[in-house]
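Below are structures written as structure tokens.
Consider the two complexes below, in which subunit A is the common component and subunit B and subunit C are the respective partners.
After this line comes the complex of A and B, so read on.
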């Protein structure tokens, strides 16, 4: 019997499983393009956006991700290793008490979750968090 | 086995392993040439609060042998830092004399001969004696169990951990946190936790569906002791659904969640806590990073990676106290809490030399009652060993060599894989191997030994994936185990490289040929995290193999070539 990577997950043959070995630059470029389209190429600041995501996904099919950016009018989330990197855009009105949102996303493999926030003054801020997708080793 | 009387004459060096403020008196103690219970317990009571920490007992009710690792590589900032210092270098670092009791308790080297002299370690009846003595000194001491308690032996398997539950209740801890407990399945865990007469803590144990805290596992508990308020925050093993089978506890989610830890520290401080203690099952390097990221923690009682250090590691204003495993050590941590903060500390890692510490009679009776129904079947002798059998080490251990041999022979495989767990007592040359000994290194709720085929390319993916769980330079991505053990397969690993580039020179040992990425290999292994894994239980596979061998005699394992350290 010849095993494909896909089958091995179903068979249950190891204590471990697989994560992709390399990121696909094509997808990362897609994210860069999408960010450029969003910001119109404007300079990007860092420090005002916080991403809350697990370091290692318990289940790559549904990864809880939260984002918080005080003073943002809009936050867009990207998953730079997914075939379609755009995840969601959250918009906040002037009466929004907090400029934060959370959702669950599917991550195809180990990659960065990127959040780009458009601030009230029209400037842009971003943050990045790596989420590892693996099926693990063995604990002590 | 030597008698108690002989033992006192054999002892060459230090009694207890006195941390921080008490450290540095090795030479004086060495000159005394004796080792007594009084010395092991000697402690000048300090401050106004005492913590007692025991962790990672793994079901070990009775005294055992336990060899510490000789290979424990640290990466990134932890390269060369404790606990990633072993053997003679460890002894040099802490001024421990070769051949001394501390050498035997804390470091590798000459293990088999020292074990003959110093005897077994641990035993919860001895632990009970130590805890009672500390409580006699400080009646309101807080006893904290770091988890990995309800797992790891013949009787925990047979009773679904009722044995450990009953024995620990007799010790009366004030709180505990969790890891392998969850592999009992969420139904059994909930049943036991609901009956616990003490706190079951985990700020990072969340409801998986709603990603919010659970009622069953509160984040912390406040204690009023010594005229002050102490908050104990629990931190369960963060990567349970990844390192262990998620399908066994699908209702729960974990993770490090250091932002929530920081929120909990603020919450308990606002509620008047003058001292914040984290009872952690993160593993040492993760705890070290957490101490640097989360402000306001005074003490982290560290478990999971089974490290034992004679003095605390200080990160900023936080002290980290790792207390070993398998019942081998108890830590006493005395704190001076005044004016809203920790003003000082005194710690001692107490090694449980089972021939020196008198068993507590009450606890011995509780333990024997738990073991009695199974005694004849668990003490049955299956074979003997001429070799030292141990588990700890980043790449292999002789117990795992034996298990991999058993998998290859009994399951007719070319390659064997055995999980890199860190629990399991050692056996010294000349000992009988009983059924209980085999369970001590294999007991688990998903022990089915599978047999399947994997191609060479996939085997590399497996090794790379596990290697990154150990050697990722960011501790938050480490899961705290060791490398998956391989039988029939050799390889080179460069621990300094990134994921995907660490493993090379994979060789099928039987023929000496390089592993062909496109060829399919018959692989046997155990402890799959996947639901529905089929095969005989690993302990039956190992028992059958040992019966055929009669006497186990292992060659040194040189199949892993480690570079880049």
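After this line comes the complex of A and C, so read on.
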């Protein structure tokens, strides 16, 4: 094969694209590991968990996030772009009126917020919401 | 980090028996994540509140495990059932072993 200037450019941009892609899943894998540690690798349904989060958060230091999962006993929140994906776990007691709660979280960059709910029958449900972050919340 | 920690809780003064109330809680705490560095490049050690619980007359309403990704001055909003008049008890557990507590009375009408 003859290497022309055009081909070299094509190869170059291809490897660049690969390099920028491969830096992404590092954090996402952490989240998958954290989720499978929670669920024990069980299959997860979707649909009964709702995440209330802004589409665009100007300040990643305080992003208001709410979760609602009727019939859940426990909801765990993850942020897949943070250095540590775990965010919080809500366990609902006998006097909890609704399986919902809201709080404020830190997001390092634009990423997905994932909620995994453990239902009363022991199955798991999940939901995902993307939040675009203008200023990250982890810098020093 | 026992200085300057002040819990604030908003609970309605009364509710109908068996009714639902919305509770809002906030505690002033810097929630140092353990990810930041100081001006010399040393990592500032983690210092957060790692657990928050709310109980009503000894029965649990919500039990939250907090990670460093919770913002400064952790805020929670949730709903509780009020079966009878009594007392809400809110407890925050600090990384350094401190426990912050506050209580709120509620009557039923």
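The rule we apply is simple: the second predicted complex is superposed on the first by the 109 of 140 C-alpha atoms of A that agree within 3 Å, B and C clash if a C-alpha of one lies under 4 Å from a C-alpha of the other, contacts with A are read in each partner's own complex, and residues count from 1 in each chain.
Basically, a residue touches a chain if its C-beta (ideal position, glycine included) is under 8 Å from a C-beta of that chain, and two chains touch if they have at least 3 such contacts.
As the structure is a prediction and not an experimental result, all values here were calculated from the model.
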item: First, second, both or neither for A:55, with subunit B first and subunit C second; value: first
item: Contacts of A:84 with subunit B and subunit C, given as first, second, both or neither; value: second
item: Contacts of A:132 with subunit B and subunit C, given as first, second, both or neither; value: first
item: Subunit B versus subunit C as contact partner of A:105, first or second or both or neither; value: second
item: Intersection of the subunit A residues that touch subunit B with those that touch subunit C; value: 102, 137-140
item: Subunit B to subunit A touching residues, read off their complex; value: 56, 148, 179-180, 208, 211, 237-244, 246, 253-256, 259, 283, 304-306, 325, 417, 419-423, 450, 452-455, 458, 461-462, 464-466, 468-470, 474, 476-477, 479-482, 484, 499-500, 520, 523, 525-533
item: Residues of subunit A that touch subunit C when the two form their complex; value: 61-63, 66, 79, 82-84, 86-98, 100-107, 137-140
item: Contact footprint of subunit B on subunit A as seen in their complex; value: 1-3, 5, 8-9, 11-19, 21-22, 52, 54-56, 58-59, 64, 102, 132, 134-140
item: Sites on subunit C touched by subunit A in the complex; value: 20-21, 33, 35-38, 44, 55-56, 59-72, 74-81, 83
